[in-house]
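These notes concern the structure reproduced below.
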Amino acid sequence: MKYIIAIIQPDRLEAVQKLLGEKQVNLLTVSQTMGHGRQMGITRVYRGRREAGDLLKKIKLEIAVNDDYLDSTVDAIKKGARTGEIGDGKIFIFNLEDCVRIRTGETGSVAIG
Amino acid sequence: MKYIIAIIQPDRLEAVQKLLGEKQVNLLTVSQTMGHGRQMGITRVYRGRREAGDLLKKIKLEIAVNDDYLDSTVDAIKKGARTGEIGDGKIFIFNLEDCVRIRTGETGSVAIG
Amino acid sequence: MKYIIAIIQPDRLEAVQKLLGEKQVNLLTVSQTMGHGRQMGITRVYRGRREAGDLLKKIKLEIAVNDDYLDSTVDAIKKGARTGEIGDGKIFIFNLEDCVRIRTGETGSVAIG
Amino acid sequence: MITAKKKIMTMAAALLAALWPAAALAQEEQQISAGDTAFVLTSAAMVLFMTVGLGFFYGGLVRRKNILSVLMQCMFMMCLISVIWVLYGYSLAFGPSVGGFIGSLDWVGLKGVGLAPSDSYGTTVPHFAFMTFQGMFAIITPALIVGAFAERMRFAGFVVFSILWVTFIYAPVCHWVWGSGGFLLGMGALDFAGGTVVHINAGIAAVVTAVVLGKRSGYPERTSSPHHIPFVVLGAGILWFGWFGFNAGSALGANGLAAGAFVATNTAAAAGGLAWAVIEWIRDKKPTSIGVATGVVAGLVAITPAAGFVGPVSAILIGAGSSVIGFIGVAFLKPRFGYDDSLDAFGVHGLGGIWGALATGLFASTAVNPNGADGLFFGNAAQFGIQAVSVAVTIVYALIGTFIICKVVDAVIGLRVSAEEERIGLDLTQHHESGYTVLD
Amino acid sequence: MITAKKKIMTMAAALLAALWPAAALAQEEQQISAGDTAFVLTSAAMVLFMTVGLGFFYGGLVRRKNILSVLMQCMFMMCLISVIWVLYGYSLAFGPSVGGFIGSLDWVGLKGVGLAPSDSYGTTVPHFAFMTFQGMFAIITPALIVGAFAERMRFAGFVVFSILWVTFIYAPVCHWVWGSGGFLLGMGALDFAGGTVVHINAGIAAVVTAVVLGKRSGYPERTSSPHHIPFVVLGAGILWFGWFGFNAGSALGANGLAAGAFVATNTAAAAGGLAWAVIEWIRDKKPTSIGVATGVVAGLVAITPAAGFVGPVSAILIGAGSSVIGFIGVAFLKPRFGYDDSLDAFGVHGLGGIWGALATGLFASTAVNPNGADGLFFGNAAQFGIQAVSVAVTIVYALIGTFIICKVVDAVIGLRVSAEEERIGLDLTQHHESGYTVLD
Amino acid sequence: MITAKKKIMTMAAALLAALWPAAALAQEEQQISAGDTAFVLTSAAMVLFMTVGLGFFYGGLVRRKNILSVLMQCMFMMCLISVIWVLYGYSLAFGPSVGGFIGSLDWVGLKGVGLAPSDSYGTTVPHFAFMTFQGMFAIITPALIVGAFAERMRFAGFVVFSILWVTFIYAPVCHWVWGSGGFLLGMGALDFAGGTVVHINAGIAAVVTAVVLGKRSGYPERTSSPHHIPFVVLGAGILWFGWFGFNAGSALGANGLAAGAFVATNTAAAAGGLAWAVIEWIRDKKPTSIGVATGVVAGLVAITPAAGFVGPVSAILIGAGSSVIGFIGVAFLKPRFGYDDSLDAFGVHGLGGIWGALATGLFASTAVNPNGADGLFFGNAAQFGIQAVSVAVTIVYALIGTFIICKVVDAVIGLRVSAEEERIGLDLTQHHESGYTVLD
């Protein structure tokens, strides 16, 4: 089992979710983050004071998948999140040791989907 | 050392925390997320337009534990978070390579608690 | 490749970012969390009712680095985040299996920076 | 064809005219005072704005998932009662008295109510100005009850409850106390701007609904997390501002009486806020902003019946006293008796209203208002008795009446949301909306 | 030296005096009514406050990244138009008529406008009071258009557009309808507080700008996520409060007419809110808070031209009708024709304004206001025709005029932000700010 | 028994009566103008509302962890000063003059202040109306100082500081300028609505507290992250709205003077907002919403002393000038001198107030207000001198007085929170609350 963390542009969430859905990857967790990457932040101005705004809003996706879903999931994210501009984000892949569905107590592969 | 990520219903946090406390698991990090799972979202209405609200509010718990605490921690979460309804959430378990307590610089098992 | 999750005090973010920058670690993702640790929460009062406020605001940093950057990154966080008071936080280190840069499709070590 | 069309039009016109005849408007402006009218209309606008403020005062105190339900209940009340008031509410409350107990239906659809001053009410301002000013009171009173059943009432049940309550509880009590010929007015009960009519009435209804609906799930552990305290402060600020319209406007003219009521109002609000802060300072070492906001509202509640009858020093005592009593209510009585008055509508409005109505019987002075009466401290113990009777009558009537309405609505429509709906929150389940986006 | 200095000063004084001569002020206060003045000045303050409310009503509906751009556009309008109004706007709109089509420049810099009452406008209040009251209308009208082009207009383009629009569209239409000698006024068109001048005018401009600027990227899938609904309710609440100044204040005195307009306003707002809720209840099982807020505004829009001419029962019909029409506009017409009127400035203000102006021709009654006229339902079909003409004239002029202005500004400065700027949000890209911090 | 009880009651009554005797109320309403009274009371309500607005204007600018502390300080000021004003503040400020320097204690507890008009102040409105209107000024003035010491002051220290400041600084300066017999008034100093009394006074106190308390930890790098800019705009909007009460209300009647002050106020606010935007546009390519909001407030500050003495063209110059000076203050002087005036209370109110008071000596014209004076630009250089003296006197007194008070309070109670408390935030450490929930 793998655990995918993806950082994407806020306005790409819907596209990613749609493509994931097409691949039968429907379960995911989403949160709000701020990212600092290669993309330049936008300078803020406050009463005559300029401040380098180095953090930009990003969306973080977390998706646990069984190994055979990994590639299609990563592909869907790559395709949906890509604009070609700096700031598109990253996908991080982890080994997931175990997974438990709280409602049923099931564990392992079967609990993921 | 293990690292546990649990996605639970927002109103179960207190129950989970209480049960964790009973098992001497007191250290944890909590954040706000949105989840899409088997639970149906609730349709939103905006000036005559209906929109499938596919993301629901969830709470994410992160807990680093030493291996011997793993089972009791997972049990506490399972027990506290369970309502039996769809949407109860998942527990994900990772291998944690190392851990550092910033204040003291301690690392490894001793830094976790 | 390693993936670092650090929980720090909210007001240490800038110091940490500055030290990380000095070590050429510029890419990171930041989010808002609440933590319960050894640090005592502050009691809240609501119309005569006292409530143990057991969760305190924390900042969570996530940084993916190549192995040779691990130590300098951890050091920078330790140095920047340390106040010596309880509540300074923790650093958790994970093995990162893979990493993808969405914009270019690059994977592995080269995609991290 | 043309004649048919004309006929229909004439009929339509007759229909409209029947509901609102021209005659009533003909001789306007003979004794209208522009200054008084400016003051009453501005005051009416301010009282309407109070209900918006109340929405934020209450809304900030609930959990994030229920913010819209509270705002919606307040906003909907503004819509619902405004229409009811014009259609029949004003007639029931202020129409020609039927035995001192209720207004007749003679003024239904505002028939006979016009732009000229009334003979009995606010005789220097257009009757319409008095009517609409009073309508704003009829809006905020049931809106106050919202605080008691917040976070768990079905919206449909809420709507029907509100219609019945304003019709069968508010209108009669209003008539007794302020209607020309009303029996409590006849008895000599003093209620300058609504201690009994507004605050006791709503406060008692609050505790009844809280008991009938039952506690919120998780009460009291997981329920008091005010999600947005700045809204509480904003709401309290708007309430304080609007309350000048409420109390000073109740002088129905821009005169010395209005100025006196204005000062009493401001002073009592301030004293209430200070007193709550002092209590918290002693008890918990720090005063809270919710505490001060609550104390301000408690002070405003208690001065409401007294505003036109007492001087500023009495106002300090009345306002501060209300915070002491309110604090006892929310910090001791509520946990003791275990009812879940979510946002303390009874604790603040019910108890504060009772205190204020009785205090009027203590501190009223004809030196301040020659048309009022002296209270017990100025040598007239009888007035205190009259006040106590009017309080008791209001309590009993509101208690029984609200209980019956609750039971009827519960049986027919249902008052309470399901446990699942309560867990998800009323915003999503009752209104298909959520207050704030999380991701964007 | 001293003489030189003195000379400069005398010149400076002459300059200032030239722009605002003493003479105009000399004989003030002869026929001024304090009550009327208090009412008009308070009303003016309330109308200014409406534009703040509008900012929050609109601001809550946009996405988080654009909240400041909307607030900024509203606030900037308050600044921009206030200065323009004093410099030349008032003169263009209300100055001595040039053939019924536009005011002359005789009153530029308020020359000849003083503290004594005007002969033609608000004859019981200082001319300055009337001038500033009208100025507040000139602010909110272009601010209403903001709802149509929200989330995608360049700030520089917005500023120039607003200057041109208020000069070439607002001022003339205002003159036609309200200016002494204005041709629509001469024709007998009734517009109590701005159905044509304010709402149709802005609503038509809205649809034009929405079409010229084109849709927001992602429309309609990813664009309607109101980020802060409590702000929408707050905004609607402030608008309702301020609208009393708008409509009742348009009586230009604290009298029966003002009271009548006040009641019509409140009743129509309420009926609008209820009607929208009922539609939603039928269609989606639950009423929404945005729906009720929208319905309230729709009701207020429609009653604006009618407020001083109709009774409360007519007000219910006008208010409720406006919600029905508005709902059709936003839920059916907009998706059908595919223009992206982001926050429904046309759907609510344009359609509501048209309905209100026509409805004035149906429901107006001399029984309510002897200085008005009877509408079709009171036997005077001609009035409906006059109203229809004034609506048509306004639509045509606003449509063509706004289109030309849009095209000119687009060519010279550019109206629309880049796709990248739109994605990041207008707050950061147009104002170097973001509304809320995420981390702290 | 009965006699004993009666005796106590009589004593209590005597006590109350002693503090507030009936006599004063007996002959009210002889020369009261309803219109003027309506205006002054409404204005008083609006000025109170300003302090709520100020809370949000300031509160949006601080970091999330300190929002409640700012709101609390503003709200607490409303409570504290309202009571002090009634008890002794009004007497000190406006009571019979002791040598032109301070009011006597003759009016303690409002003894002798009644519902009939005063002989000296606002002679057409109840004395109580004037008293409470002035009380609202006494609230907002110390509340302005909050901006300077925000995010680091102990609440207990704040309370004692405020009591001492209003007693020893505000009351005397107010007496000098506005009190009957006050020495600056006698000298001919013009201050229509509070340039010296309110803004210079508070602005100087601001810089003193900022210096005595020292910088916030992390200043200037990590301190300027306004957590909620919509609140800043809301606050500025409420301030603009309320300022009409402040300035036009200072005419103490609804007349031409009020209308003139109203227009000057609106125009200067607008010009201030525009000027700040223009500066930013030139310097940073984009105007910010905080910038425009700040400019509006700067314009309002500067026009305050001048509002009743200048025409609209002068108002444009005064308002715009204030933004230029304010911008220099916050963008250059503050970093240069390194004091941490957290939210620029000195930069905006201090400098704007000085500019406004001096500008009154330049632009005042008897053509506008025959009871005023001509300024330098209208040939009367002396007036400028008088203004300069009154500015200097106020600065020196506020500077020294505030410094002494700060030192005393610091020594006895402590002004500043600990570093740990500052880090966690004042909401949690001073008030046991946090503004918003994060999880729910």
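A few comments on the model shown:
We just call them A, B, C, D, E and F in the order they show up, numbering each chain from 1.
Here is the rule we use: a contact is a pair of C-beta atoms (placed from the backbone, for glycine too) under 8 Å apart; a residue touches a chain by one contact, two chains touch by 3 or more.
Because the structure is a prediction, the values reported are computed rather than measured.
Counting hops only between chains that touch, subunit C reaches subunit E in a minimum of 1. With centres set at the average Cα position, the gap from subunit B to subunit F is 50 Å. Chain centres here are Cα averages; for subunit D and subunit E they lie 32 Å apart.
In subunit C, 30-32, 34, 45-46, 55, 85, 94-95 are the positions where the chain touches two or more neighbouring chains simultaneously.
The set of subunit D residues that touch two or more partner chains comprises 33-36, 38-39, 42, 46, 65, 226, 228, 284, 286, 288, 290, 432-434, 438-440.
Chain contacts in this assembly form a complete graph, since each chain touches every other chain. Looking at the complex, you find that subunit C touches subunit F at residues 9, 11, 14, 32, 34, 42-46, 53, 55, 57, 85. Against subunit E, the residues of subunit B that register as touching in their complex are 45-51. By the touch criterion stated above, subunit E contacts subunit D in their complex at residues 33-36, 38-39, 42, 46, 63-65, 225-230, 233-234, 236-238, 240-241, 244-245, 248, 253-260, 262-263, 266-267, 269-274, 277, 284, 286-290, 292-293, 295-296, 311-314, 316, 363, 365-368, 376-379. In the complex of the two chains, the subunit B residues touching subunit A come out as 2, 5-8, 31-38, 54-55, 58, 60, 74, 77-78, 81-95. Residue ranges on subunit C touching subunit A, taken from their complex, read 3, 17, 26-32, 62, 64, 94-103, 105, 111-112.
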